[in-house]
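Both complexes shown next keep subunit A, but they swap its partner, so subunit B is in the first and subunit C is in the second.
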Partner chain A sequence: MITQEKYRTTVKELLANGSIKMAIGYRPGSTSDRRRPLFIRTSEEADQLVLDSTCITNLSGYLVTEGLLSDEKRVGIFLRPEGIRSINILAAEYQLNVDQIIIFGFDFTGREVRALQGQTTGDFSALLSEIRENPPLATKEPLLERIEKMNAKERFDFWQQEFSRCIKCYACRQACPMCYCRRCIVDSNQPQWVNTSSHTLGNFEWNVVRAFHLSGRCVQCGNCDRACPVNIPLRLINQRMAKEVVDGFDHFAGLSPTQEPVLASFKKDDTETFIL
Partner chain B sequence: MAKIGVFICHCGENIAAKVDCTKLAAAMGEHPGVEVSVEYKYFCSDPGQESVKKAIRENNLTGIVIAACSPRMHEATFRKACAEAGLNPYLCEIANIREQCSWVHTDGDMATAKAADIVRSMVEKVKRNNILQPIEVPVTRRALVIGGGIAGLQAALDIANAGQEVVLVEREPSLGGHMAQLSETFPTLDCSQCIMTPRMVETAQHPNIRLLTYAEIESVDGYIGNFKVRVRMKARYVDMNACTGCGDCITKCPVKKISSEFDCGLGKRTAIYTPFAQSVPNMPVIDKASCIYFKNGKCKTCQKSCELNAINFEMQDEFIDLEIGAIVVATGFQVQNTALYGEYGYGKFPDVITGLQFERLASASGPTAGRILRPSDGKEPENVVFIQCAGSRDPSKGVRYCSKICCMYTAKHAMLYAHKVHDGKTHIFYMDIRAAGKGYDEFTRRAIEEDEASYVRGRVSKLWQENGKLMVRGVDTLLGKPVTVAADMVVLATAMVPQPNAKEFAKTIGIAYDEYGFYNEAHLKLRPVESSTAGVFLAGACQSPKDIPDSVAQASATASKVLALFSKEKLEREPVIAVNNEATCAGCWGCVLACPYNAIEKKDIRDRSGKLVKQVAYVNPGLCQGCGTCVSFCRSNSLDLAGFTEKQIFAEVMGL
Partner chain C sequence: MTRILFSDKLDNCVAKWRSAGLTVIGPVQGESLSSYATVERGTDLHLGLVLPDRSLKELFFPQTEPMLRYTIKKNEIETADFTAPSAPRIIFGARPCDASGLAIDDPLFGWDYKDEYWFQRRKESVIVTIACTKADDFCMCTSLKLAPDSTKGADVLLRPLDKNRGWLVEELTERGREAFVIISEYLQEGSETALPTVEVPEKFNLDACVTWLQNPENFDSKFWKEISMRCIGCASCTYLCPTCHCFDIQDEGDTYSGIRRKNWDSCSFALFTMHTSGHNPRSTQSARWRQRIMHKFNYFPGKFSVNSCSGCGRCSRQCPVDMGITETLQEISKL
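On to the complex of A and B.
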């Protein structure tokens, strides 16, 4: 509660002195454990701000709303560490300018909410490096451990089972801060690479494409997983992909706004000869 | 509505022997959109091409498929025929039913079925082909020649004599390269310096040649006709405008015992030096690593001795940016470090020397003024053993290839030795004598018959010192007996290897190299002087071991390629380049990073009032090489490759 009150005051101050034109935070949702995004432009709106352990959605995707940052004014946003990583990746992919973003960092242990020190992404670099070394999510996912133990056939059957439920609503895409393309590849129909109908093949295609497009970019915020109306454990795919990228390329996504995207960059001294 | 013509070539028996062309033509005639489907014995022949052109005109065809050999053979031929018939050449596709079908299958029916699949898939592609226009790029008429050895000099002079500008970059303080180090040259035994130094002077004085010595290539950007090259001028510490090359500083320099690179360690030089007396330009440089002043801040003897105040210890490396249209790479070779053969004792026994060291001993400008004196005690050796293939043709320890020049220079060394030491004896251990070339076999015969070189066919296994002699133990495989020769000096025919930094340098210029580091030609037989990168040509031993005649011939060939390039104001390039869909581009710039040719730029999209709406990727058509890396990277599928669009490829796959 103290953190929430403190941040309400900070947001009001920054709005009043013109440091930010808007703050993006959370407000009560339809039930006590759900939160909605809140776009604070006035002091009154700031009073609606809620900050507690149910504020788990990664809000960074709202920053790339077309036109929001084009006036070069600053925007404040409430972010947990993985959200800060998202900001770094979006900056590295030139979707936003970090100088325009004021971060209200927070995290929680159990139900205890605490503020994170700092305002710009650079202020959190030590924290992010720490997370790289000791990932809090590293995490006992009992399901992931179960899948790791399966053989290829069992694993394929498992995912086939899961994807058979997919209804191609693309809520995962909508919720993901990294899915900012103006036109997604699945919507491209000349040619139609990904089958649109929701049968298992098309579902597989979509989810595999998504996994690859997020490799080296996903911060495991879990937005997709929570958005999925048929409860496909999407976070597991991305978690596994992130691990592959760390193991294979020593690349932990979102450490800094200047980190080069792993699949787009190459080194001239690469020992492989496929690039001149 | 598509009107496609399908032309099925028999290629004599090459295709027709396996593929039933009549059946194939009939089947393709049934395919939707195919207007004409015919067969002929040789479509590449003049009447064959005429029949294609006639069919295009008479039927108003909208695209054609030539079912024949690989597009590498005749794509250009048929595209040209298309253009002559008034059809855009990029509406012509080749279905390869020879290399990829008739040549590799034994069963006729199955080969025919496969040929039908291949042709059908190309018909589906060509239905979706777009009209493309070749890209025109301007040409900067200035050539860059990298390397001032004989190959580089020849290329530079040929281009300059044809009236075009040349910049010649040499990393050593003087022109000359390895040829300047040689004594006499095979097969005519004319003095290397006598034929080399006039070329060096001519190059330095040529009005069309800008000479940059003691300089290295820092970076190469751009593309054929439009390279941007940055050259690092290493600090000489001698003002080239003031220096007259009088040599006073060299005489006065107190550091006199530095092993001379030019003399392969057999002679000494000073810290301020010219590599050799006939250096061009004849102006010294200071070797910073050996100079007393640079070591402890005191000395400056050279500066005091210089009456022209040409010596400047404050000098820094400088950079020169050049606009270049074509590049000739003539960076040469090195000799292999023979110390890796412990059994030959190189580096252990002073009188075991390399062939290049022997050249310095035999050279009139060398450390012994041309007398053959062994390095250990300066005595004239009475018995010299030459060991050929000391590193070449040895997959286990050396290099697998034949170093090409060693048979000839060893025969020459034996001859020179016989001419200088009249009662001396020579033994040459060899594997084969490879003397293919004009006057070459006659030359080795002369060494054997007139100069009494004793050739022993076999390898040397061991070499040791005994009673002041070098004992060489080998085998004479023709007699089937071991032999031991007591020698005063042993000369190793070491292999030619690429420059130690050849691979990194290739990456700087952007050309391909082989497993050893020799630069790859575009086609071993048909394009032997062009590198894999357009506008970059290869001359001399940087491509493979070569002797002087071959290097000079290749250098002149590169000059003719450069001049052909410079004969046009604009270049035409294949329009197979990446194209961006600006409406869907998300501006993540992954493509900018991924592009190996730096061909993608950021482009501003503005509204009518000039306000910036967004930034998108823009592919520079002059720079793009059409490799497709960006296409495969683009997440939103905004990038596509003209001539190989995803739509076309998809249709091709679905046609199977």
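On to the complex of A and C.
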């Protein structure tokens, strides 16, 4: 409650003195456990801000809304550590200029919300390094452990079963801050690279394309998993891919805005021959 | 005196319908999702759900469906049609909002072209609805002038008795009567009183909303931009909707042979209206959300005299950013 009040005041001040043109936060939703994204442009809108342990959604995807940052003005945004990592990745991939972003950091333990000290991504580098040492990957996922114990056939069958429910609503893509492509490969229809049908093959194509494209970029914010209307445990795929990237390339995504993207960089002395 | 179907006879009924050649379908709670699915026993049905996560629509209009197989040869193109599989079935325990959804879409699928896939399945399906005795925060049938015991689209309506003992049977159509003749030995005459249906509060003034939407001046209202600012442009709402019916036709295969399929499509997607030239008449998400609302409450009723919404609330219930028809119409009511 105190954190929320403090941030309301901060947002009002920054709006009033012109430091930011908008702040992106949370407001009450249609039920007591739901929160809605809130775009704060006035002092009255700042009064709607809520900050509690139900503010889970990673809002950073809104920053790459077409035109939002093109006037070079600054935007404030409420982010948990995963969200800050997302900003770093977006900056590293030249999708935004971190100087335009004011971060209102927060996190919670249980229901206790606390502010994170800092305003720019650089202020949080110590915190992010700490997360790297104690990565969220380490959190025990009973289902992931079950999948790890499966053989290839069982694993394939498991995912086939899960993907059979996919309806290709692309909520996972739309909710993901990293899915900012102006035109997604599945929407490219001349030629149609990926089947649009949501039959078994089409669903596999989509979900596998997504898994690969997010490797080394996903911060496990869980937006995709929560957005999925048919409850496919998408987080597990990304979690597993993130582990591969850490193990294989020593790359923990989103540590800084200048971190080289793992899938978009190469070395001339790479031992693999297929790229060069 | 009314006819009563007691719950302890449900297993017998399912067996009887199955032996009469009907596939029995009803609400089933899976490990992580509930939907209308085929059952073998009455006990497989989960009749206590407020409503299944997935709507009844997909049993009539599946997310992907083959239409024809084609082979292009030197001098001719060979085609072979897929027809909707013939499978008489009974859907037991559908919610009235889901059944209403089917009735709402009937005129659409039979308008300038009669969609044989839809009507083949409609003709072969007996819809048995159960009046609702519970609702959640998102249910809004009453706001759409429907009710928890609406009979629209249903062949038989069942009204629950207390303590899950069974249902009063109201046969509504000839098709419904025929299906209940099959199980008549398990029905009893009695004079029980059904439980009252659940009170679903009215959430917005539909007439006021429709008047506002019909006013051409409001097409360019800044309201649309404000309300849809957080819309992320996924198709969760349209694909779970029991009445959204847009589809795309796609050829899958190589240059010389393949399958033509009918796939769900959504007005939420930018690609939905993208022209070959690259121009997009609905270039912003607010234009797309406006289309969805206008279509349901202005254009569709203009053509078919019925709103394209049955008040199930799935759009709001599942929205990743907590939007939906309810909030939009509530806000319009305030304008």
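Heads up, the rule we're going with is that the second predicted complex is superposed on the first by the 267 of 276 C-alpha atoms of A that agree within 3 Å, B and C clash if a C-alpha of one lies under 4 Å from a C-alpha of the other, contacts with A are read in each partner's own complex, and residues count from 1 in each chain.
The definition used in the following text is that a contact is a pair of C-beta atoms (placed from the backbone, for glycine too) under 8 Å apart; a residue touches a chain by one contact, two chains touch by 3 or more.
Keep in mind that this is a model prediction, so the values were computed, not measured.
Once subunit A is used to superpose the two complexes, subunit B occupies space next to subunit C without a clash. When subunit A is checked against subunit B and against subunit C, the one touching more of its residues turns out to be C.
Applying the stated contact rule after C-alpha superposition, one finds that A:Gln117 touches neither subunit B nor subunit C. Using CA centres, the angle subtended at subunit A by subunit B and subunit C is 120 degrees, rounded to a multiple of 10.
In the superposed model, A:Thr9 makes contact with neither subunit B nor subunit C.
Using the contact criterion defined above for the overlaid structures, shared-chain residue A:Gln160 touches neither subunit B nor subunit C, since it reaches no partner.
Applying the stated contact rule after C-alpha superposition, one finds that A:Asn97 touches neither subunit B nor subunit C. In the superposition on chain A, contact of A:Thr42 is made with neither subunit B nor subunit C. In the superposition on chain A, A:Gly61 contacts subunit C only, with no contact to subunit B. When the two complexes are overlaid on their common chain A, residue A:Gln174 makes contact with subunit C while staying clear of subunit B.
Taking the two complexes aligned on chain A, the least Cα distance separating subunit B from subunit C is 5 Å.
The intersection of subunit A residues touching subunit B with those touching subunit C, taken from the two complexes, is empty. Across the interface of their complex, subunit C is touched by residues 29-31, 34-37, 39, 57, 61-62, 165, 167-171, 173-175, 187, 189, 192, 195-199, 202, 223, 226-227, 229-231, 233 of subunit A.
Residues 32-33, 53-54, 63-64, 137-138, 229-230, 232-236, 238-240, 248, 250, 252, 261, 263-264, 266, 269-271, 316, 318, 320-324, 326-327 of subunit C touch subunit A in their complex. Put simply, subunit B touches subunit A in their complex at residues 507, 510-512, 533, 583-591, 593-594, 596, 612, 615, 633, 635-638, 646-647, 650-651. Against subunit B, in their complex, subunit A makes its touches with residues 70, 93-95, 180-185, 188, 190-191, 193, 213, 260-261, 263-266, 268, 275-276.
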